[in-house]
């Protein structure tokens, strides 16, 4: 019997979401492995993400704001 | 009788200049209508053309020039 | 008799290097002639190459360096 | 007199059909949304104007040798324009937050549920006899849920060129509607306490990791799902140019002149597909409704996945950042940040939300690869 | 020995024909005009160099798969390059002075009389047996009088590709000759008192008007004269990007990288059409003479129309600004300003002349649309 | 289950052949050389990534309608990309030092001996039965000795498209190896006293000479060797735009956006030709060895010619600047300067070496023209 369109769609959804999760899991594993290897090979970190300064700046701004409007 | 090339050209000139004028007249009408509608909807003008300052600057320059070379 | 590949290559090398030298010789002649004509027509040179300043700057830098590390 | 009649019969007014008039109104609406409401203006302005040019009868610019038709053939049919845009996106994207917290990739994965749910919805409407979508068309419609314009255009160009106009318009419109669609769903699915969760500061990411990441991405996608490799490969290439530090001039041009030029012609070319026969049909309504549903489901899936991750993870995860998994970079991340600030004014989620946000781009491209593999 | 003979028979010297030598001299003259005399250098330098490359016998660059031939096929035959240039011109043009004083559109209309008079002249020369121009060719020649390079190239590419080289060269050369051709005509047709007329300051133009104008222009041209819509539509698109304020990055790229890249290849491609068989013929002489006449008539018509307008208008209009109606932006407006200052050192006509100046661009494109409609 | 099998059989892992795996390693090596060792990164990064994309099985980007295949067809088969790059190089090059000292052209001529010696070597290996190169292939390989990437790609595209990948990789790799390959040869062929020779300061070069030079170059190459005129013509065009002073906006775009965009697609397109069948063959090894030899011979010839010139010339010539005649601009000139400074810390040879350096570009293009004339 020919599967209905809806059956095909259901299968595609299951396989599709499965593939997305499998692929991204492998990517997570790859990234973690990569981070491990890189940190093993280069003991001192070279680069600092921009997040620090941004967070600091925003935090400071909020603190300031709170002082003015307690 | 087949019209001569010159006849065709004359007709094209009349129709052509006519169309240019009709089109640009319609455009003038459209722009005036647009200006009217826009001014009706937005009472205070938002943007100032650059011409003012330029005219002022050049006028000042000429006045200055006249003073030095009367 | 059909010339061998190597023979063809040898001929190509001779003719090729010959052409390169002839062409660049003609170019040298053309440039010299051009310089002559240009200098005849424009007695005072208009443009100064960047080399002067660069040489001066580098020479100064080296002199300075020598003073510090004699 | 004859010539004047020729002008009259050649005029747009004389040749205008109701459908074209309708499309002119639609295109003016797109321009309004882009210019006044600032909905994804880079695309809605260009698409809208391209649509105007194409729907005035007698204007030979969207057919034959016309500029817009050439752009469509060269750039959309071949997939070249979306791929170049992806290269530009790669050159513009900082994957640092994702590298600092790889788990957020799962949030980008979960949000793709919207894509497949929409596919199912489109097929369901067909089963019910309300619409008439083929599997290929349903797959192309589903990608709207990925909230990624170039991905949607790339897939639609391959699977359902007839729906390209409607799909592109839906994709970009909904990306702009993120700040309206997402917050109610986010608040419905989270408690006040959850929304107040503060996350630990992201770790530093080394240059080596930044350079290796695009290569890792390309190799994995190539080895596992080659149909997604053109999209993710060009994204990775752009990002490698950005991060490798030795081709700055290429990276700058990719981020500016190149992506801008391609955006202009992509928009005009998509606009040239906004014809009444293909757009003023019930299926467009279906696409618009399904796209909205896709967005809602994607948002919900992302938030729920974040709640699950928060339960099983040692470090706290604020469920709000899950909503950013639908991509719509960087709008969705900003929305997550804003909703977070409302619950806890000390809580800066922006950088944390950028992780799932860019993960959503990758997730959508993977889903696109699956669609292309199965539906074509 | 055989190889040396092969070099000799393959050399340009051996293969050179008199016509090609003549064209090399013509192209060097164009380069001289562009570089030393600064006549429209962006086009005359690129056209001149393209002509050099194409007229050296044995150089395979303007034929077959050669770069210049590809550029011609892709950009000129399809009309794509002139349209993209028009988009760039739109992004570079401030229509404010025109919006502030819409009546100046009539000056831009009147100046198009030069176009149709030249058409008539070309046909007259044919009737007299001095030349042999078809209606299509005469129409393409007439557009030179529009003083608009891309418009002339667009029309010539559609109606008379064989005359493209001569028409483009004439159009750009005369645009550069505006400061020499126009002043005597302007002075002849006006009294000292008329030239001293001061005009009232232009009103402010709102952002809304600036944004709505390109849409109005597109809709009107589309509804009334669709054959002019590709040109005016792309002009309007460029201007909308400029004025709408939400796609600044696209507008910047259009005004810089994009228009520059297209100008380079447009110039080279036009140059590749400067062949002796098509250029060193009597008709070129005819085209050059007719082009000059077209310019003179256009200038005169503009000035006369301005005098008429000044009579029937409540606010004074200096007749000199009528000369700017031939377009040649912004040269013609500067000329009007300069001649005005000579008569009245307090009289700054520059901004007032910009209105008819940009109106001339629109008028020429409308005339081009009429030519394309009737002559093709 | 069926779908999962489809994913598996469609995956890159399943379809991977040994050759493709080998090419992935080669491409990663190119990326390593470009990014970490900074070998000509603009090209090795783009070529390397293009090669990765093309060698992952199942990725449809280097075939059919794929972006990389389109780029190859449009840009490499026609020769358009190398020609546009040459235009950019012309706009970036200052011919001042060459104009100030035209004799240095002979150094650029002598260094081309490497090209023809390599041609002979390739044919010799074939006679010996070690390799199997046709005359066309041998000619294309020889051009590697010109140390000029775009010239090598242009010639290989015309004479031996099957070797394009290997030749481009060899050309760019060796250009990067100049600082390693050249110094020992330079020191071997010169005495300490010769290396200490100081040269007189270069004379001033007038603007007129700078403007006339590209025209002179074009006319001479066109009249004497038209097959070299596309390359040298575009170089001259770029340089004329740079020097003529009236088209600065075109010159800027040529030096930036245009050359960058073309470099990206040139690199990707060349990378798409790095297939195992064409690259992982013995002839590639032959090409790499011959390329290295070509470089060494070219360097030696340049130095020897400089020694000869120094003998017969009134003004002293430091033989080291002869090595710069292989082109590889500006690396080879910097190497000559560095070796000179080692012998005499007061000796600034940089500007003197720029003369032969740019002369080498011209010389290689002339040699390329000869190859194209005879071998095709």
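Per-chain numbering from 1; labels A, B, C, D, E and F assigned in written order.
The working rule: a contact is a pair of C-beta atoms (placed from the backbone, for glycine too) under 8 Å apart; a residue touches a chain by one contact, two chains touch by 3 or more.
Since the structure is predicted, the reported quantities are computational estimates derived from the model, not experimental observations.
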item	value
Path length in steps (a step moves to a chain that is touched) from chain D to chain E	1
Chains contacting each of chain C and chain E, listed by label	F
Of all other chains, the one whose Cα centre sits farthest from chain E	A
Maximum centroid distance from chain F, chain identifier (CA atoms)	B
Which of A-D and A-F has more C-beta pairs touching across its chains	A-D
Counterpart interface for A-D, drawn from C-E, A-F or B-E and sharing over half of its contact pairs	B-E
Whole-Å separation of chain centres (CA-atom averages), chain E against chain F	41
Inter-centroid spacing, chain B versus chain A (mean Cα positions, whole Å)	56
Multi-chain contact residues (two or more partners), chain F	3, 7, 224-225, 256-257, 370, 374
Chain C: positions in contact with at least two other chains	12, 15, 19
Each pair of chains that touches, named by its two labels	A-D, A-F, B-D, B-E, C-E, C-F, D-E, D-F, E-F
Interfacial residue positions of chain E with respect to chain D in the complex	77-80, 83-84, 211, 215, 218-219, 222-227, 229-230, 233-234, 236-237, 240-241, 244-247, 249-250, 252-254, 256-258, 370, 373-374
Parts of chain D lying in touch with chain E, wherever the complex brings them together	3, 6-7, 10-13, 15-16, 24, 28, 31, 34-35, 38, 41-42, 45-46, 49, 52-53, 56-61, 65-67, 70, 256-257, 260-261, 263-264, 268
Contact set on chain F toward chain C in their complex	94, 96-100, 102-103, 105-106, 108-109, 112-113, 115-117, 119-120, 122-124, 126-127, 135, 138-139, 201-210, 212-213, 216-217, 220-221, 224-225, 345-346, 348, 350-351, 359, 362-363, 366-367, 370-371, 374-375
Residue ranges of chain D touching chain B (in the complex, touch as defined)	3-4, 7
Touching residues on chain B, where the partner in the complex is chain E	4-6, 8-10, 12-13, 15-17, 19-28, 30-32, 34-35, 38-39, 41-42, 45-52, 54-55, 58-59, 62, 66
